[in-house]
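What follows is a set of structures to go through.
The two complexes that follow have chain A in common; it is paired with chain B in the first and with chain C in the second.
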Partner chain A sequence: MLKFLFKGLIRDRSRSLFPILTVAIGVTLSVFLYSYLNGFMSDMIKSSAHYNTGHVRIMSQAYAQESNQNPNDLALIGIDTLIQNIQKTYPEMIWTPRIKLGGLIDIPDANGETRIQGPVSGMAIDLFSESSPEKRLLNIKEAIVSGELPKNHNEILIADDFAKRLKVAPGDTATLLSSTMYGSMAMTNIIIAGTVRFGIAALDRGAIMADISDIQIALDMDDTAGEILGFFPDDNFYEEKAYQITDSFNKKYKNPEDQFSPIMGALPDEAGLKDYMAIMDVAAYFIVGIFLLAMAIVLWNAGLMGSLRRYGEMGVRLAVGEEKGHIYKTLILESIMIGIIGSFVGTVIGLIPAYLMQIYGLDLSFLFENSTMMISGVLHAQVTPTTMFIGFIPGILATVFGTAIAGIGIYKRETAQLFKELEV
Partner chain B sequence: MINKLIFTLIVFSTIVFSQTQSADEILKKVDANTFSDSQIGTSKMIIHGRRGSRTVEAKSWQKGTDDSFTEYLAPAREKGTKMLKLGDQLWTYTPSTDRTILISGHMLRQPVMGSDLSYEDMMEDPLLQNMYTAEIVGEDTVINRQVWVLDLKSKKDNIAYDSRKIWVDKERNIILKEDLYAKSGKLLKQVLIHEVMKASGRWVAKNITYKDMLKDGDGTEMIIEEVEFDKKIPSYILSKASLRR
Partner chain C sequence: MNNSHLIKTEGLYKKYPMGPTTLVALDNVNLNFKKGEFAGLVGPSGSGKTTLLNILGSLDSPTEGSAEVLGEKVENLEHKEAAKLRNNHIGFIFQTFNLLPVYTVYENVEFPLLLQNISESERRLMVMDALEWVGLSDRADSRPTQLSGGQSQRVAIARAIVKKPALVLADEPTANLDAQNSHNIMETMVKLNKDLETTFIFATHDEKVMKYLRRKVYLDDGKIVKDEVIKHELSKE
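Here is the complex of A and B:
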């Protein structure tokens, strides 16, 4: 019977073409939007993890309470021992210390006096160790616009836009003004080794990167760091595992009586992404629901139109004794076939722009020029195994719903009236 | 009845007028006690942070209300750091960088050596009459001294503290307590004088606690160890060249 119904659909294009087109368009949009949301969330998680919180983050309890202000006076002391211990306890993670700092960068004139200054946000990372994951995580080599990676102490990288504004180039010297962890003014001479483009507006406006050992000396933070970040080796975030590690760490190290004892938090809480992530989980179903509803209404309407056009056909089938339920069943089977074909076509078409956006990205950095969010200005989509079948849910359900509602009319036909109707 | 009302009004206006007069007079006397042609002193600043206390020692030279020079003497990390204020500009020098740097913008709001005082506080005109209008709001007792309580309201827009409440020793014309407020009415800083001393014929605060109300910690204690007024200051000291000397 399926073959018979399929042939009917192919031969009578007015029965199949419009519904398949409707389903294909809806599914294309569903697939693309789903991929885009996946990509957006994935970009946001990666940017937040790499530049801000890691997959898990260890701070002192006092620092954690004011972490958005980078309070280095509340930083973790004794990090070397702590890192050694957590490397043994949680070998499944990569651990790296960081210091974030704020201050001023001062560029001297020929006489050594202030030529120009700019407020700066700094990130001190492990640039020199062979085992450090930082260069890979922050994609530093690829981000260099001019100059090179720091090779010697007191060499830094500076955001390219910021360097242009300050009119400095690799090889120039500058002075970094900040505060030591005890609050005193810290002044350190630095050499610009290279300029970088972070791709994140908040950093490109005025950020520098330096080796953590230099900043520890400059800010009087020997064996101290603001944060220790932990990353999963494949750079993917595993929520359940991350929370298991944070629970285990906090049971062992957190001391409610000591505000300087360490505390660990996982990325969703640390980056304030918990609600976003929950919304995004629901958003996929929301998108499917919207398209399901819209397509069901359109296809219901199409079904009604089809029923009118096939009024005579239904009448004859009923008149020759075909069961109403059987006719209804064949209509539903037809709709499932239309749904499958439309969803397949829509998924294939939707995957093309999604793949292109996954590989090349869509540069909307001009929209984020004044943004303070840790998000890349180039938006990417992400195609996952779910993307392959997500479109089939609204595609098939909408055609079935639409036909099921439109087909109810069959049951309203009175058999006694049929011959009278067919004579007309 | 009308006569009574007129009499009451006259008495009330006289009281208000006389209080305004006295408030201005008090402020004038406070400024006169503060102002000197020059001032040379050594001080100790004990900064009580969340992780403990540390002491910073400094020697300062001040000429009039505009120019001053400070050299930090201790601890070792701060030794040799110098600050020069000329008018509305502030420079700093550290021997480790051998650089003279202008402090400007948001850096002015940063704490001086991690204390509860900001560079902006250092830049302020010390003469209250130039910046505020005063009103007497009461009398009180502070460190066993009878004081006037004055509310000060800023005359200008670009002032770090929009209003202040000061407690002024009635006899010695020195401020013994001070609350500093933002435009919103939020208390930003509190200054408490614990001990005063007489130097060159004027009363000077010897032991002061500054408390930044937006910061944790127990504030910054300032101890004036030595102060001399109206001494001649060589002109080279208040110049940029002295930063590198």
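Here is the complex of A and C:
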């Protein structure tokens, strides 16, 4: 019987082509949007991890409470020993210290007088060590717009947009004004080695990047850093593993009595991403649900039209002795076949733009110019194993649901009435 | 089941409510049909012949009275039981052929057998046998749209008799056919009636059919007005 039904579906285009196309279109959109949401979330996680929190982050308890304000007076002291210890205990992670700072950048004129000033946020990272992962994580080489990577101490990188506003170029000098970790004023002369485009509006508006050893000297932070970040080597975030590491670390190092003792947090908590991730999960299933409903309504109508067209067939089938229940079941079976074929086609088609967007991205940075979020202006999709089957949920459910409702019309119709309509 | 009577109706009524009044489609119909009969329900449009045919085919049930078909009381049958009766013992032939256009001739004839869990090899034998009876074994792979009206009706006959039913009900089977095709179709059915002892009951007002009938039951306004056995028609075969 299955073979018989399948032949009918293949040969009768009006029975199969329109429903399959409807399902395929809906599934294509579902798959693409699901991939896009995944990519959006993944980009957000990566941006937050790279520029803000790492996959896990160690701070002093006091610093952690006010970490948004970069309170370097509460920074971790004795980081060299701590990093050595955690490298031994958690060799599966890459560890790197960072200092975030705020201040003022002063650009002098030819006479050494202030030509222009601007508020600046700074990130001090390990730029010079061979083993440092920072250049790779932050994609610095590729982000350079003009000039080059700092090769000497007191050389910095500056956001390209910011440099244009300040009218500075590689080779120019500037003075960074900030405060030491003990609260006194810090002034350091710096040389602009290059300009970079971070691709994140919040940083492109006014950020600099310097080597951590220079900033440690400038801010009186010897053997001290605001944060130590840990990354998984393949740059993917593994939530369960991250929480295992944080639990283990906090059991060993966290001392509730000492506010300067270290505490480790995982990315979802640190970046406030946990809620976003939950919302995105709901949003993904919401999208699938919307498409399910829309497709079900379309397919319900298609089913009704098909049923009207097939009254004659139903009458013949009843006449030769097929039960109404059996006819109804075969209609559902047909809809499952349509759902599977349409979902397969839709998934394949949906994966094509999703893959392209995963590889090449879609540059919408002009829309994020005023954003303060740590999110890339180039949007990417992300194809995951779930993407391969997520479209089958609305695809099959919608066809079955639509057909089930449409089929009730036939099921409830009097046998003799169906039979009479054969003669029309 | 009483062997002498394949079909027996007693005090059969079919009434349809029409607003404040009631339309009586069948009015106290009492009839018997024996195995192997080649009979017709004859009468003008609206006389009740199709309604009676539907009840005899267990597609409809009477309002009052009893219709016993192959030992089963139609009025007592559940949907499933009625379907089983049709599937196992009754074949239908329609005025408009009603072949399934997306399936081949072979597949149209095969369809009733798919519902009976018969093996593929046995189905093939039965279908080819049926097509041979109606002289269309060379058109097994054709689609209904590639056939003439006469050929289409032959396929419908093959579909009706493929499961070798005890009873075939034919509603105006020649209404859409020309004289020559009508003659051929009726000859085919006469032959099947003779060879397989299948009982044929027609609903018709077509002279082309009536001349082949061995019994004519005349209906008018739902009542039997005449029940005539024509013995000389037998010699014609």
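To be clear about the criterion, the second predicted complex is superposed on the first by the 414 of 424 C-alpha atoms of A that agree within 3 Å, B and C clash if a C-alpha of one lies under 4 Å from a C-alpha of the other, contacts with A are read in each partner's own complex, and residues count from 1 in each chain.
Convention: contacts are C-beta pairs under 8 Å (C-beta built on N, C-alpha and C of every residue); 3 or more make two chains touch, one makes a residue touch a chain.
On a predicted model such as this, the values are computed, not experimentally measured, just so you know.
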Which superposed partner A:G312 touches (first chain B, second chain C, both, neither): second
Contacts of A:D172 with chain B and chain C, given as first, second, both or neither: neither
First, second, both or neither for A:F4, with chain B first and chain C second: second
First (chain B), second (chain C), both or neither touched by A:D269: neither
First (chain B), second (chain C), both or neither touched by A:K324: second
Partner chain(s) touched by A:D106 [first = chain B, second = chain C, both, neither]: first
Chain B versus chain C as contact partner of A:D12, first or second or both or neither: second
Where chain A meets both chain C and chain B, residue numbers: none
Parts of chain B lying in touch with chain A, wherever the complex brings them together: 47, 49-51, 54, 56, 77-78, 81, 92, 94, 96-102, 104-107, 110-111, 113-115
Contacting residues of chain A [partner chain B, same complex]: 62, 73-74, 103-104, 106, 108, 112-114, 117, 119, 175, 177, 179-180, 182-185, 187-189, 220, 259-260
List of chain C residues in touch with chain A within their complex: 50, 54, 57, 59-60, 79-80, 82-88, 90-92, 94-96, 98, 100, 102-103, 107, 110-112, 114-115, 159, 171
Touching residues (chain side chain A, partner chain C) in the complex: 1, 4, 7-8, 11-12, 15, 312-313, 315-326, 414-416, 419-420, 422-423
